[in-house]
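Going in written order, the chains are labelled A, B, C, D and E, and every chain counts its residues from 1.
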Amino acid sequence: QSIAIAIGSEPSTLDPQLRDDGGERMVNDNIYEALLARTPEGELVPGLAAALPEQLDALTWQFKLRDGVTFHNGAPFNAAAVVASVARVIDPANNSEQMAYFGTIAGAEAVDDLTVNITTTGPDPILPSRMYWMKMIEPGHAATGDIASEAVGTGPYKLQSWSRGTDLVLVANADYWGGAPEIDEATYRFVAEPGTRLSGLMAGEFDVVTALMPEFTSAVPKFAAVAGLETSVFVVGTDNEVTGNPLVREALNLAIDRQAMVDSLFMGYAQIAKGSHINPAAFGFNTALDSYPYDPDRARALLAEAGMEGAPITVVGESGRWLKDREQIEAVAAYWAEIGLNVTTDIQEFSVYLDSLMGSGPRPDAIFIANSNELLDADREMSFIYHMDGAAASNSDAEMAAMIDAARVETDVEKRQAMYGEIQQHAHDLNYTVPLFNLQDIYGMSTRMEWQPRSDAKLIIAEMTVSE
Amino acid sequence: MLDFILRRLLQGVLVVFGVTTAVFLATRTFGDPVALMLPLSATAEQRAAFAAQLGLDQPLPTQFARFCWDILTLNFGDSTWQRRAAVDVVFERLPFSLMLISAGLGVAIILSVPLGAIAALRPGGVVDRLTTSVGLLGLAMPQFWVGLMAIMVFAVWLKWLPTSGAGSVWHLVLPAATMALAPLARFTMMVRANMIEELNKPYVKTARAKGLSLPRILRIHTLRNILVPFISIAGWEFITALSGYTVVIETVFAWPGLGNTAVQAIKRGDLFLMQAIVFIIAGLIVVISILLDIIAKSVDPRIELN
Amino acid sequence: MSDTTLSVAGLSIDYQLSAGGFLRKKRSVNAVTDVSFDIAPGETLGLVGESGSGKTTVGRAILRRLPSSDGRIIFEGRDITHTSGEALRKLRARMQIVLQDPYTSLNPRMKIGDIVAEPLIVHGLVAGPDEARSVVQDLMDKVGMPRDAVDRFAHSFSGGQRQRIGIARALALKPSLIVADEPVSALDVSVRAQVVNLMQDLQRELGISFLFIAHDLAIVRHISHRVAIMYAGRIVEIAPRADIYSRPIHPYTKALLSAVPVANPAVQRTRRRIVHPGESVDLANPPSGCRFHPRCPLASEKCRIQAPPLVRKDGDRFAACWNDGL
Amino acid sequence: MSHPLLQVDNLEVAFDTRDGTVHALRGVNLTLARGETLGIVGESGSGKSVTAQAIMGLIDVPGRVTGGTIYWKGQPIIGAGAARHQHGVWGKDMTMVFQNPMTSLNPLMTIGAQIGEVLQLHLGMTTEQAQARAAELLSAVGISGAQRRLGQFPHEFSGGMRQRVMIAMSIACNPDLVVADEPTTALDVTIQAQILELLAALQDRMGLSIILITHDLGIVAGLCHKVAVMYAGQIIEAGLVDDIFGAPAHPYTQGLIRSTPQLDVDEDRLVSIEGTPPGLRNPPQGCAFLARCPLGDDGCRAPQTLRPHGNGMVACRKAGQPAWEGEQV
Amino acid sequence: MAAALFTRFKAFWLELWADKMAAFGLIVIVLILLTALFAPLLAPYDASAQALTSRLTPPVWHERGSWAHILGTDNLGRDVLSRLIWGARATLMIGILASLIAATLGTCIGLWAGYAGGRTDSVLMRLVDIQVSFPGILLILLIVGVIGPGVWTLVIVLSITNWMVYARLVRGIVSATRQTPYVEAAEVIGCKPARVIFKHILPNLVSPLLTLLILEFTNIVLAEAAVSFLGFGVQPPATSWGLDVASGRDYLFIAWWLVTFPGLAIVATVLSINLFANWLRVTTNPEEREKRFARSLTARRCKIAPSATKTPTKDSA
């Protein structure tokens, strides 16, 4: 059996360690594997490792490797391969974009042929999550072969051919350690236009298309939706004149009819964020929090109490990068205008937007971002948005920053979980952000496809089946 | 002849250099390349390291000197997006663009000549009015609209042709047809107008006085005479298409041409790729216009190359 | 005031065919070579020659519309060879032009009155529109145009009438010299006579000098006092009218005269025509020596090597031919 | 049956323009015998070229033949009774030489191809035969190096040579009639003399008939047997050259001849015919020359037709009366 | 005076009316212009007023449609008709401004090159060559990418990439007109260069420039749409037809009206202008104009033109 998959962009390279590139991941996730894997529900399980790692000390994690695994070119997978893979990713000369995930890793050393110790620069409780992202390469091929266009991994699929611009074909790896996958051949096609992807699906050319818009769920033969990694949120500038007032910030949160937006904008394919913008699947998510209610009257009252009726605020955002980003921004701006704020919407060009989001200038009153959490650990949100020194942070709450710093190095799982819960409660009470939705990823499929997509947005062909 | 080619090539080199320099100045003086090229979450150290690696931290004149040297040695650096030599990326996509353009313009050329000629034979007649109206309509429809509609009709409903992508001749049909539409209209009208003008020339009277039939005059006499303006229009159309005006079609049909790559390069702030694209396309344009002049000369012996 | 209105000495003019540049030679063609003549006040000099012989070029050089590469042009006693800018503009008031094509030499978008008044206005010779109007009316009377013509556009007039308008425009500045470049070639025979008569009348009345360029030897004979014959950029013969027509010296003049058809069947059928083979000279690479030698029946070795100078043959007759008086 | 070679019978041609219909030809009558040379003179716009083109079947939108008939050897070829196809008349038996040799040849075809085309079409020659014959023809019109010349393009020829090529082309199929519309107007006098000699020689040799259209009375005087004078779309006088130059009968013809300056006579003033021809959109009912005619009176308002006068034909009530003061030349 | 104007207008209209398509084109253009001019009065809603609850309402004739939104609503519940009306304003303004700026720039350079001639001419024309060799759309995208999208960017960018054709046209006409005898005459009578240019040369440019301007305007409208389609064009909350098509294209399969109406508006505008310009082009060419007249006469006379029957056809000889 063979299927055709339409993805939004062609891999820029097949080197699995250099780029942070959606197209590359969609392909390489099937060719390469990491030491750890996740179940479709998000639970970390052993991958190329034989078991979950063991923490030897604050800075060292030990992985036992699966025995008898070979690369597609026949080379054995062993500790040397792991050491080489780690060394290659973190080599500054390679300037890997994936360093965002692996910044804490100091190195790896082989203990024996099937045991590896990975060391970190500081205590890093989420190292296992990080290792889920690190694809293991074959050192010999990486050194001498053309790794950028010839992929050699351990995964269930092997690269058959790649005609750049046209298509990329994977075939099943009959020798896969986990057993040969069901689908024999998968052809990727690269279609950037959502409309064109959709028409290909409807014309029967594609079996799977990514990033389907919610509206089209009624039009396609079959689809599957799953809670994704992205959470949309407005980061509020707490040092600004208007938004510095906690009453105003609360009003901002209460003014939005999130349910209406879910129903109309997302046709139900989104969850209202539960009081924070941490991904619900992530470690550290505070389940105790509840989502903000829609209470415009209370919002108006709060504004009145703060004496901020008609106060000017500027809402900053961009357009076209995330699902329905502009729609969300404009809808929210409209809600805020409704409770009596004088809202200016500023949709910025992306580089300008980046500067607004992460630059050193004054913080915007409210800036939109769809935050993505690939490591599924609350640390990402904590250090990026909540921590006062975070790149996208808009508060100057030193107390909270200290709490985050403490949690980051806490290796006791229970304690860490509790600390994160506390931080979230704190931020929730002070309305530092206006969390909106946990977005769902929707995939369009042909009728013969059977597949439950994963919440980490990985497109694993081995998990698909074709009914015929 | 050789003298002409040499002179034009030299001129061309200057033009190409001017064009590429314009890109250099535009990208270095107005924007921050580093911010564009690195991911959202990159740290300040990463940014600085990256800038240093690309030589972007040097003062502008130094950068420019390095840039000039690179151009001279035809070294455009690595595409930051694809992590390989920028020229490789360009030469990989260029054939797709050329294929699309040639197919589209080829169709337009082949169809427009008879259509325009027939229209010119009876100006104001049924064929004339029909071609003119259809032509004007063809000119009025935005390409992306035509493309989307074509996909709907021919690929989704009728399932005659693939919706998108490249790979076989069939993949080429819809994009090429969409691409052909506007040039077809322009060519047809141009052939018609020039044909009418040509038919008014004294030598046509001579030909008629010689007892030649109108179709024969058209075929033997006037057709050749409209060839020169036709070549220049077709060449112009080719150049325009090459300079990226196919990008809309490429987007709609997911055609892996250079236009799309250029958009990506711009969106991702891939300076080196951008420079390579501009350089190579400008060079191609120069070469093509020289070729056009030579072809025109071979058709019309009166033309002097200078 | 000197006794010659215009004196041209050794005039040569080159046209640049292509600008020099990188890898490219400058190419130029020598359109007029060593041309000299005078025109006295009130005199008409006819300038005849085949197409491309440089007649227009001489006319345009005199009006300083072309730079001359050699020689001098003296107008009313002043050397104007290098006049330019504002001085040249002033000079223009004294010498005027009448162009060949009456259909294109009038701006189709201007009323006749405005066309004729324009020189007065740009030289500030009239105080206001009323004065301009009355001057224009006078001019229209002078050239025999109806007075109501001033409010119409050029296209409503016939060729002859347009040519009169062109003459009126030239007259507006009361010039002392008018260069008329084939003013009647485009006109019909019957209309031609009107314009020729008008020009003669005006000359008698106003004492204007004419440089009258034409193809048509018969017309030239009618209107000129003296006639110059050009061949391939040189004057080959220049003499008073009677001499040229009755006793031409230069072989080319003879051939030219014999080739003119005469509207008299009896005469025309019996005329001895000297038909020289060959065609006009390619000025880009002219023949050596006398430029007429390839077509000349009398050509000798000397003619091939050395160009004959224009010398006085007898009386007021000058010719450029080694074969004396043959 | 002895039909005249060409007979034009009351030919009328009109052009549709936005400002009304131009009646360019208003009843033109002509007869031409084999071997004869007819000159047509008249001022600009009088309809000479239109007549020639009508004879050649070249009237095209916006013009149309609105009346009359043209007979070729007794057969109607234009007008009532004419067949749709006229095989071998135009281009073979009857050919045309145009005024402007610079533009009348296709600039992008070799001379050889342009001459050969006629031969292949009308005489069914092969390409080689046609080229060989074309070379002969070029030599016949006095172009040396004919073989080499065949492969050249018009721009490589001078004006006079191009006109020779046109003539070569027109005599390619041994025609009976050559219509020459101002064949030398664009040429220099010396070249004009060459071309006229050539035409005269060819006529002698081939027994051609020629219709020669010109402004220049001198050319007519030298070359033609008969002459027709056109004015405002009509022929107002026709006859033998000697008669008409010797004693022009129509006031217009008289004026035309008297206004032409002569090489050997000193006139003090030329006769000038004041005024302009009538517009052809609303041509006058009567004599078209009336407005400019010194002899005209109310009687001339009635339509004037060609009537015999002496050996020729004149359309004037006062034919033969001297119209302009001064002596006849 | 008024009467004279009226007769002229009537003559113009009569000639135009003879070509129904062109007349229709002109009417449509005028209507669209008026719409753009009176957008605030005509539009039923604010173009950016959104109502998420009523998003993607189909047009009124659809079963789910409503009279509240005659042409339906878009993905944010904004009224399509209102956006169309306001979009006319943006689209036409960008088109007109860009055309005018490009034309002014091009005309000045063309005049300069054509009048000065010689070295200046060749330098300026080389400049045109460079600009022409510059990959056009790349330049647009590059500039937009660097200075950021927006209405004004678009105007600037489209002007920069379109002036060359005016420069070439103007230079051609000027250097040709410079040779005409009446310009020579004007110079000989002592007119200063400024007077020669403005009084004698410029009037010749009016009609070809106008025709070119009109045709180029359509190109700019299409270019604006294309650039907006690629996401480099007009940015919300501003609106234009191109932007609406672009943002509606994702909904093509479920809300055809989002793409269709602005698309049709573009087609209608460009088509009408082309129809009219086509007629105008013929009208400004006296020869063509006469022929057109004669042909229509012939057609009206309902018989084959005599000349056509007399065309020699030697096909089967």
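Throughout what follows, a contact is a pair of C-beta atoms (placed from the backbone, for glycine too) under 8 Å apart; a residue touches a chain by one contact, two chains touch by 3 or more.
Predicted model only: the values in this text are computed from it and were never measured.
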> Smallest number of touch links from subunit A to reach subunit E?
Replying inline: 1
> A-B or C-E: which has the larger count of contacting C-beta pairs?
Replying inline: A-B
> How big is the gap, in whole Å, between where the Cα atoms of subunit D centre and where those of subunit E centre?
Replying inline: 49
>> Averaging over Cα atoms per chain, report the distance between subunit C and subunit D in Å.
In response: 31
> If you average the CA atoms of subunit B and of subunit C, how many Å lie between those two points?
Replying inline: 53
> What positions in subunit D touch 2 or more of the other chains?
Replying inline: 88, 90-91, 121-122
> Tell me, which residues of subunit E touch at least two other chains?
Replying inline: 249, 252, 291, 295, 311-314
>> Where in subunit B do residues touch two or more of the other chains?
In response: 31, 148, 152, 208, 211-212, 251, 267, 269
>> Which residues of subunit B touch subunit A once you look at their complex with the stated criterion?
In response: 31-32, 35-36, 38-43, 46, 49-50, 53, 81-84, 92-93, 96, 148, 151-152, 155-156, 159, 162-167, 251-254, 256, 260, 267, 269
> What part of subunit E is in contact with subunit D in the complex they form?
Replying inline: 289-291, 293-295, 297-298, 305-314, 317
> Touching subunit B in the complex: which residues of subunit A?
Replying inline: 10, 12-13, 15, 18-20, 92, 95, 97, 99-100, 148, 163-167, 189-193, 195-196, 199-200, 202-205, 350-351, 354-355, 357-358, 384, 391
>> For the complex, give me every residue of subunit C touching subunit E.
In response: 19, 63, 65, 89-90, 92-93, 96-97, 99-101, 104-110, 118-119, 122-123, 166, 169, 172-173
> Inside the complex, what are the residues of subunit A that reach subunit E?
Replying inline: 193-195, 198-199, 202, 213, 215-216, 218-219, 260-261, 264-265, 319-320, 326-327, 330-331, 334, 345, 347-349, 352
